[in-house]
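Same chain, two partners: subunit A is paired with subunit B first, then with subunit C.
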Partner chain A sequence: MRHGRRRITWKGTALVVGAVTAGCALVTYLPQDAGVDTPFIVEGEVGETLDLTYAKLTVTEVRVADTLTGLSEAAAAGGTFVVVDATWRATQGQTSFGGAEVTDRQGRRFWPTNQAGCSTSASAQPGYAWRTTYCFDVPRDALAGATVRLARGGQSEDHAGQRRDAVAVIDLGITPSEVDTLWEAEETVSPEAPGYAPASAGGSEG
Partner chain B sequence: MTTLVTPAVPGPGQGEPPGAAPSLRPGMLPGMIPPDAQAPRPRRSWGRRNAVWLVLLPIAIVVAAGASSFRVWAFWWPVGLHHEVDRVALGEPAHLAGEYYDAFGLDVPERAQTTVLREIDATVTSVEQVDQLPAPEYGDPVVIPDGSVAYAVQVHFAAELRTDLSLCQITLVAEDGTRYGDSTTDVLGSSNRCSTPEAEGFVSEQPEWEVTSFVLADPGAEITQVRLGFGGPEHVTFELP
Partner chain C sequence: MKHARNDGPDLAFRLGRRVVTAVADDMSTTQRVVAGVVAALVAISPFGAWNEVEPQADPLTVGTPVEVGPFEVTVEKAATADELGHLVPAPGNHMLAVVAHVTNTGEVPEYSSTIGEAIPAPENVGIIPEAPLGEPGTVTEAAPGTGDAPDGADPAASPSPDEPGLPSASVVNIEDGTSIRILNPGLTYRVALIWEQSDTFSGDVIPLRIMALEWIEESAGSLDNEYWLLLDEVAFAGQIPVEPAKPAPDADAGAQ
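The block that comes next holds the complex of A and B.
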């Protein structure tokens, strides 16, 4: 038997075929990618302070605007601007917050604009609260039930930068009955430049 | 081997087929092992038969891990303060020595594209909470935000002239590991935290000098350490009483 003369037996064949089948079944049916890559979603509402382990996040206000006016430019919305004021308080060390997008009920995703002084990302250190304004240009049918997704990881095409990391998903609180009023209103918003947040806007510790 | 003697009792197959070796049993071809043949010695256990590979397996794992370990020093080690070269108490001098690669030689052209050894003696002389921040060199005054406290960190330095001080980090570390002020830019907007405010460029101009850097922290934080580094990986730690 030492010189490689082995008989092919039913038992050996069944063992090999069985092992290959079991391996294929494991790879096919176990939700491997989802289990490994899914972010830790922390859900909340406007005004609630969410703990993302690396930071505390409060969405302080949500507004809708046709026009944004910045220091050097004004921007008109294709649909309407959803303006999200958020306050970041880092808890571990200097942190960049690169992820910001609005998701509507159909699953469509809208990325922020940097027009008129709006931010698309933020960076903060522990010890203070940092106020940031994000602006999203969305169509009328995206307003009702929309959520904003904020995180330190960038969203990229498939949320690749947010895998295995905490992500905040905040309901913007827009009900279907409010959509008409919000859409018709002719509002102009001047986004504030990023800066230290007042204590009333999630600025206090904890 | 040739049988010279005809067997007294012929086998069931009416003797041997013509041409076959006389010692072969009926139904067997040359080279076949008779099913009832006795093994020359007792079969060795699985562990003994694979002993060589079993010994090689842990070696292969170590070699594979070592081969991919370049990622640690290529991507993680140089980014951040990972190598504590000295640890002293508040008020004692610490010696920070570390090499860096000077790509451009901005302040000292002859250092361009060379590896430079930076040696600095640093002493944290005090860490005090302050009620207000001084006026910055540039820009508007900075008010301590609500929900924050500010610390003034005083550091005394001694180094050879024209020692590079860029990427200076003066970080307050709290008991729970929170790092306050680990940015290379301080709360007043200075991006050269280890230089005196009037310094031009990023290299030292005197043999000894003193700086005060301001850091925002949470009101309840218990500061236990000050870390000083220049982008890493080398840094020194000052333990607060």
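The block that comes next holds the complex of A and C.
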């Protein structure tokens, strides 16, 4: 056992200062945020079934509507409603799907309404397909090239709930030439209540 | 000078008095006055004497758009009605609606509560205060034997009769009469901000204020980031004319 004071040497000091500097440099210059935060994006299109590991997801249909009619109320769009029908099939356990957001080409984000029977989230047990309808009120210039982003994690606080998790981004398939027709059409949609999906929407699988 | 002769006067006081006497003895009257004024100025400094005067609120007028946080708000009018859709007043009251065009000019959705909170209920026009949950003040007074100390906030809130907890407005989309929750970017909604008002109010105008909203990128005090913080600062204020109640009440506050 050593007794007495340890000597502070130049070599030891240089080692400590060097180690601290190297640590600071690593923390500062390595893009660790991107590694920690970025979700695993699974891209697809309408009608395609996407595997998100925790669930299989199919966007079955995309419509637009000026008005949504539900059991107790009708909702009028400030712009136009993009109505997205989706089928969730949980694969691991009971899962809540809290993320639903439309993004346009300018990067603007749009959240769904809970009016007129539309859903803002879904929840399903494994073993069956669960049909959900999301309705997003968007302006005309958001239609062309818009995508819908669906996930189990929520999108509030800059997608904090979706970090390092699988997220589906589905192209709604709206081309610039279709925008005028879609915008001017006076459609009324009655969203179906969430429920077991029929065979046509992937309900007979598995 | 009675205190100064006491057995145990405060040491600081004694020292201070000696300094003042020593300094003032050699001074002329003018010097004493100047010294007194300087001492007074120094003394009031800690009490905010040199703080900037609060900036006055910008004028709020009907038909003029104003920027409020992520929103552009244009107040169209104020109107009263016996009932508005599912909002039915108690007997002796009616509903007061401020009709405004609200556009989310940002890139992310905002909750309608953000604009609801930024436009507080007009004061001193008979807006029915919020009923406190379980009437805490009344219960505490009626049961003095419980031994529970009343919550500090309750007695403080009750003395000002017109202030206590004026409710936030119900924000209704006039187009369809539903409560609107999300205001998506790039969209303009014609909304009614609705409060319950006493029938005793008979004025032609209401004083309307819009509070300032500040963007918080990274909060120093909490874990929440990136949100609009409601400031205790009036950004816009003005008198909004009130249209009288219509003979046929309707869900649509702005049908005319």
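Heads up, the rule we're going with is that the second predicted complex is superposed on the first by the 180 of 206 C-alpha atoms of A that agree within 3 Å, B and C clash if a C-alpha of one lies under 4 Å from a C-alpha of the other, contacts with A are read in each partner's own complex, and residues count from 1 in each chain.
Here is the rule we use: a residue touches a chain if its C-beta (ideal position, glycine included) is under 8 Å from a C-beta of that chain, and two chains touch if they have at least 3 such contacts.
In this text, all values refer to a predicted model and were calculated from it rather than measured experimentally.
Q: On subunit A, which partner's contacts cover more residues, subunit B's or subunit C's?
A: C
Q: Could you tell me if A:73 is touching subunit B, subunit C, both of them or neither one (first, second, both, neither)?
A: The answer is second: A:73 touches subunit C but not subunit B.
Q: Which holds for A:128: it touches subunit B only (first), subunit C only (second), both, or neither?
A: Once the two structures are laid over each other on A, A:128 reaches subunit B alone.
Q: Which of the two partners, first being subunit B and second being subunit C, lies in contact with A:107: first, second, both, or neither?
A: second
Q: Once the shared chain is lined up, is A:31 touching subunit B (first), subunit C (second), both, or neither of them?
A: After superposing on A, A:31 lies clear of both subunit B and subunit C.
Q: Note which residues of subunit C are touching subunit A in the complex, please.
A: 107-109, 173, 175-178, 181-182, 184-189, 224-226
Q: Write out the stretch or stretches of subunit A touching subunit B in their complex.
A: Of all residues in subunit A, those touching subunit B are 1, 5, 91-94, 125-129, 196-199, 203-205.
Q: Which residues of subunit B touch subunit A in the complex?
A: Residues 33, 39, 43, 145-149, 177-183, 215-221 of subunit B touch subunit A in their complex.
Q: Contact residues on subunit A for subunit C in the complex?
A: Listed in rising order, the residues are 67, 73-76, 78-79, 106-115, 136-139, 141-142, 157-158.
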